[in-house]
Structure formats: C-alpha cells, structure tokens
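The following pair of complexes shares a single chain, chain A, combined with chain B in the former and chain C in the latter.
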Partner chain A sequence: MDTLEKLQQLLLPILGLENREEVKPESALVRDLGAESIDFVEIFYEIENQFGVKIKVQEIAQSDYGNSEGSVDNGKISAETAAKLNADFNSDRFVEGLTIRELFETFTVRDLATIIDRKRSVL
Partner chain B sequence: MRFILVDKIVELVAGDSAKGVKCITLTNEIFNEHFPNYPIFPGSLILEGMAQLAGVLLSHTLIEEGHPYRVVALTMVKNLKFRAIIHPGDRLIYSSKIKYFYPNEYAAVVVKGEREGELCAGGELIFSFLESPNPQFEKEMLHNLKLIIESYKGANQ
Partner chain C sequence: MSEKSQFLKELFQERRSCRNFSKRALPSNIVEQIISMAKLSPFAGGRKNWGVEVVNSSETISKIAVAVEERLNASAALMERESAPLFLEYGKSFLFFKEAPTLLIPHFRVSPTMRALLRDRVTEELLQWERENAVKSISAVTTFILLAAESLGVESCYMTGPLIASDTIAQILQLPKEREIGALVPIGYCK
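Up next is the complex of A and B:
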C-alpha cells in the first residue's frame, strides 16, 4: 500500500467517514472533509505511529514558507512563494495573494502524503 | 471529597515517567451509588486518576525543561481498556510513560493501572497544551502544582 492509500485509510475513522472513496487525494482536509484542530492532533499522532515521522501544524499552515523575508505581505503569499509551493507540491493551484488561512483550509490529502514521503525519504 | 484521585506519587522523572498509588477504600462516597451493596470502583475514576498522574508529569516536564507554561488538557483517550473489576481494599499502581512530547502541540502518554502486578487498566492518553488565559491563572496553577508535588513528597516520608 503506498503512502497515499495508507493515509486515506488512516484518515477515515478520524474524520468519521466509512469509504476510502470519500477521502479523495484532492480533498481539502479542512474545507472538504471538515477537519478541526482536535482532528489534526489525532492525525499527527497516527501519522507518527504509522509512518514514524513527525509533522508540525506550521507545515500544514505552510508558515514555513512565510518565514523568509518578502514571502508573505499582509498575510498573503508572494508570487515567488506560490511558485515554490507549486513546485514542492507538484501543483498549479497556489497563486499570489492567497492568505495563510486559505492555504491551511485548502491543504489536501495528497499534500499531506507529499510531506510524509519527503520526510520518510530523509530518515 | 477532594477530586484528587492519586494518593501519592512515588516516582516523577521529567521528560520520562511517573508512578503513583491509589488505595481504594470503602469510605469513599462513590460506593453509596456505585453500586448499593456491590461496591465497584468506577473505571471513569481510574481513567481520571491516570490522567491526573500524566498531567502532573507533563506539567512537571514543561517546567523542568524550561518551556513556557501551558495548561495541560486531556483531549483524547486511545485504546483504553478496563480489564479487571476494582473493589475496596485494592491498591492500584498507576504508571505514566511519555511517548511523544511536543510542548507547542501535544503529548501522548502510555498509562497503566496495576493491582499486585496484574494489569487492570491501560491505554494511551493524548493531551493538548493550551495557552494560559492570564498571568494570574498561570501563577495560581504553578502554585497548586508545587503544592501537589510537595504534598506527595510529604506522603512518601
């Protein structure tokens, strides 16, 4: 089972869902699946148990990308940051002007699997 | 009744583990209702006792390791089983072992309750760390924690 499938399986009971089809790779954890902050504690706990990697809320909120100078202006990401996010998450949905909150709310199941794989590859 | 459900702490190692004792006595008012003429110590109170011990361990760890003060709040109970019926006269040994500790996020603690070496209850408790609502609250909580730890030390003499 690859990371994405295993992650989908892991998310089912936490989000109160029954079928893996309900947890699509492109589903956003907050906006589509209704994950709340208590759910994220459980998600990170189970990821650490099952994949052996530690993920921080900041990585989901993408504030790691907001730390360098000029990357975020008034809480909105720059074109440069958007390009980096698109490259890192193999996506084209990140655009200049997205807020950090929007990034968090639109963070997908596939994005989470990408972070897990990246962390496991450096173990 | 004081809602302190651990009688004494016999081991407290910051960042690692704690061990506590809970003696069950027929004097406890809970047995009036739970149950009349059939006294069984409620599993929910065993859970609370194990959570209190784990809470003291985590608070103690925050302080000893120099992290900012946070309120330690039980947020999840995982895989907890009550495996034996506990009666008056029983002496339970609670133990807590830190599994994950992330002071800005959460902690997981493996807890057990044993009676004469027999595992009676066990599972994992997950705690979140909440911001203190105000400095006065923080001061009072730290004072209370110190009192609790000191009174346990007294109980061990």
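Up next is the complex of A and C:
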C-alpha cells in the first residue's frame, strides 16, 4: 500500500467516511471532506503513529510559504510563491492572490501525501 | 404559549415507549425522513462522529435478540440463586425490540483528540470526559430520532438495556471497530 492509499485509509474514521473511494486524492480536506481545524490534531497524530513523521499545522496552512519577505501581500500570495507551491506540490492550481485561508481550505489529500513522502525521504 | 411551543408540548405528551410492536411494515422512505431530521441534532465534535445503522432484516433482529438473551443468561448465572430470577424478569424488557419491523441503531466514535494533544500526559479523567461527551451527544441524537418518529406517526422505544450485549451486536452489524452503539431504537406500530 503506497503513501496515498495508506493516508486515505487513515482518514476514513476521522472524517466519518466508509469507503476509500470517498477520499479522492484531489479532494480538499476542509472544503470537500469537511475536516475542521481540531480534526488536524488527530490526523497529525495518526500520521506520526503510522508514518513516523511529524507535521505542523503551518505546513498544512502553507503559511510557511508566507514567511519570506514579499511572499505575501495583504494576506495574499505573490506570483513567486504560487510558482513555488505549484512546483513543490506538482500542481497548477496555485495562483497569485490566493489567501492563506484559501490555501488551507483547498489543501488536498494528495498534497498531504506529498508532504509525508518528502519528510520520509529525509529520515 | 406560542403555536410552536404548543405543538412541541403535544408532541412530547403524545410520545410513548412502545413495548409491544406489531409486524405492520413501515411506509417507504419513513426511515430516511426520521434520519434526515435526526441529523439536525447537536453533537460534540460534529456530524462525522456519529451515524445511524438501519436494520430491516428480521433475521438480523432475531440474531440480536439471541445475543441479548445469551448475555442476560450468562450474567444471571453469575448471580446469587435468589437474585437471578429477579434479574431475568427485569431482563425481559431488554427484548421489546424483537418483533419490531425496523431497528435504528445510533452509533458514535470517541475522537482521541486529548490523547493526540497530551500524549503520555493524558489523564484517565480527561479520557473519560472525552468519552462522556460522545455518550451524552448520542443521547441527543436518539432523542431527536424519537421525536422525529412521533411527528411522523411512528412509534418507538429508547432502549439501552440490549446494550448489555453491545459488543456482539456491533459484530453482527459489522460496525467499524472504532464505533460504539449508543442505543437501540425499534420503530413501528404498537399492537
């Protein structure tokens, strides 16, 4: 079972879902699957137990990307930050002007699996 | 008293626990209506930590009844000779559901949030508090089920006695391992 499949399985009870098919890789944890902020406490706990890596909420909110000078303007990401996010998450959905809140709400199951794989590769 | 309050008061007054169900079948989609109303219930931790299992199969209902009877008998066997018959007499009330056409079984999951937050510093008191939040919440869901059924002209009974065999019932229903049964609510029509 690869990271994505194992993660989908891990999320089922936490999100009150029954079938792995309901947890699509492109599903946004908050917007599509109804995860609330407090649910991430349990999600990170189970990820740590099952994958051996620690994830911080800042990585999910992707506010880490907003910490360098000029990366966020008035709460919205710059074109450079969007390009970095697209490269890091192998995506094209990040665009200039997205808010940090929108980044959190649209964070997908595949994005989470990407972070897990990245962390495991440097263990 | 407002019209809405009056309606609710009458609903509360008219609701009775049915202890003698007939075999009369329920109209189609009545269960869906009851559950859609119960979904409006409050619940600590939100909608995703509870659900309702619907049992329409008389075979499954019989299996549950057998499991409850077996557990009653096993418990009675551990009692003093004078007490056992009293307990078994009382235990007959745990089986009111067995003639009902449908069972609604609210179930819940205790989210391990405090353990995740506190790790090895979590206390028994906090774990108990977290579990009790879920137990209290599923009681609200069950109450909504009873009132929704009553409003639709369907009779019901709020049963927790059969949960003496809740582990076996969960196996019969093939509930996920993290789910616990909160109550057993037969619905239908009294004889």
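Keep in mind that, in the parts below, the second predicted complex is superposed on the first by the 123 of 123 C-alpha atoms of A that agree within 3 Å, B and C clash if a C-alpha of one lies under 4 Å from a C-alpha of the other, contacts with A are read in each partner's own complex, and residues count from 1 in each chain.
We adopt the following convention: a residue touches a chain if its C-beta (ideal position, glycine included) is under 8 Å from a C-beta of that chain, and two chains touch if they have at least 3 such contacts.
Remember, it's a predicted structure, so these values are computed and weren't measured experimentally.
Chemist: Look at where chain B and chain C land on chain A after superposing the complexes, then choose clash or fit.
Modeler: Pair status: clash.
Chemist: Output check: A:34 vs chain B and chain C. Expected answer is one of first, second, both, neither. What do you get?
Modeler: second
Chemist: For A:97 in the superposed arrangement: first (chain B), second (chain C), both or neither?
Modeler: In the superposed model, A:97 contacts neither chain B nor chain C.
Chemist: For A:75, using the defined touch cut-off, is the partner it touches chain B, chain C, both, or neither? Pick first, second, both or neither.
Modeler: Touch partners of A:75: none, neither chain B nor chain C.
Chemist: Could you figure out whether chain B or chain C reaches more residues of chain A?
Modeler: For chain A, the partner with the higher number of touched residues is C.
Chemist: Have a look at where A:56 lands relative to chain B and chain C in the superposition and call it first, second, both or neither.
Modeler: In the superposed model, A:56 contacts chain B only, not chain C.
Chemist: Contacts for A:42 in the overlay, against chain B (first) and chain C (second): which applies, first, second, both or neither?
Modeler: Both: A:42 reaches chain B and chain C.
Chemist: Where does A:13 make contact in the superposed view: on chain B (first), on chain C (second), on both, or on neither?
Modeler: In the superposition, A:13 contacts chain C only.
Chemist: Have a look at 110-118, 146-154, 164-172 or 182-190 and say which bit of chain C overlaps chain B after the superposition.
Modeler: 110-118
Chemist: In the superposed arrangement, what residues of chain A touch both chain B and chain C?
Modeler: 38, 41-42, 44-45
Chemist: Show which residues of chain B lie in contact with chain A when the two form their complex.
Modeler: Residues 75-76, 78, 100, 102, 104-106, 108, 126, 128 of chain B touch chain A in their complex.
Chemist: Any idea which chain A residues touch chain B in the complex?
Modeler: The contact residues of chain A facing chain B are 38, 41-42, 44-45, 48, 54, 56-57.
Chemist: Which residues of chain A touch chain C in the complex?
Modeler: By the definition above, chain A touches chain C via 13-18, 34, 36, 38, 41-42, 44-45.
Chemist: Provide the residue numbers of chain C that touch chain A in the complex, in ascending order.
Modeler: Going through chain C, the ones touching chain A are 45-51, 109, 111-113, 115-117, 176, 178.
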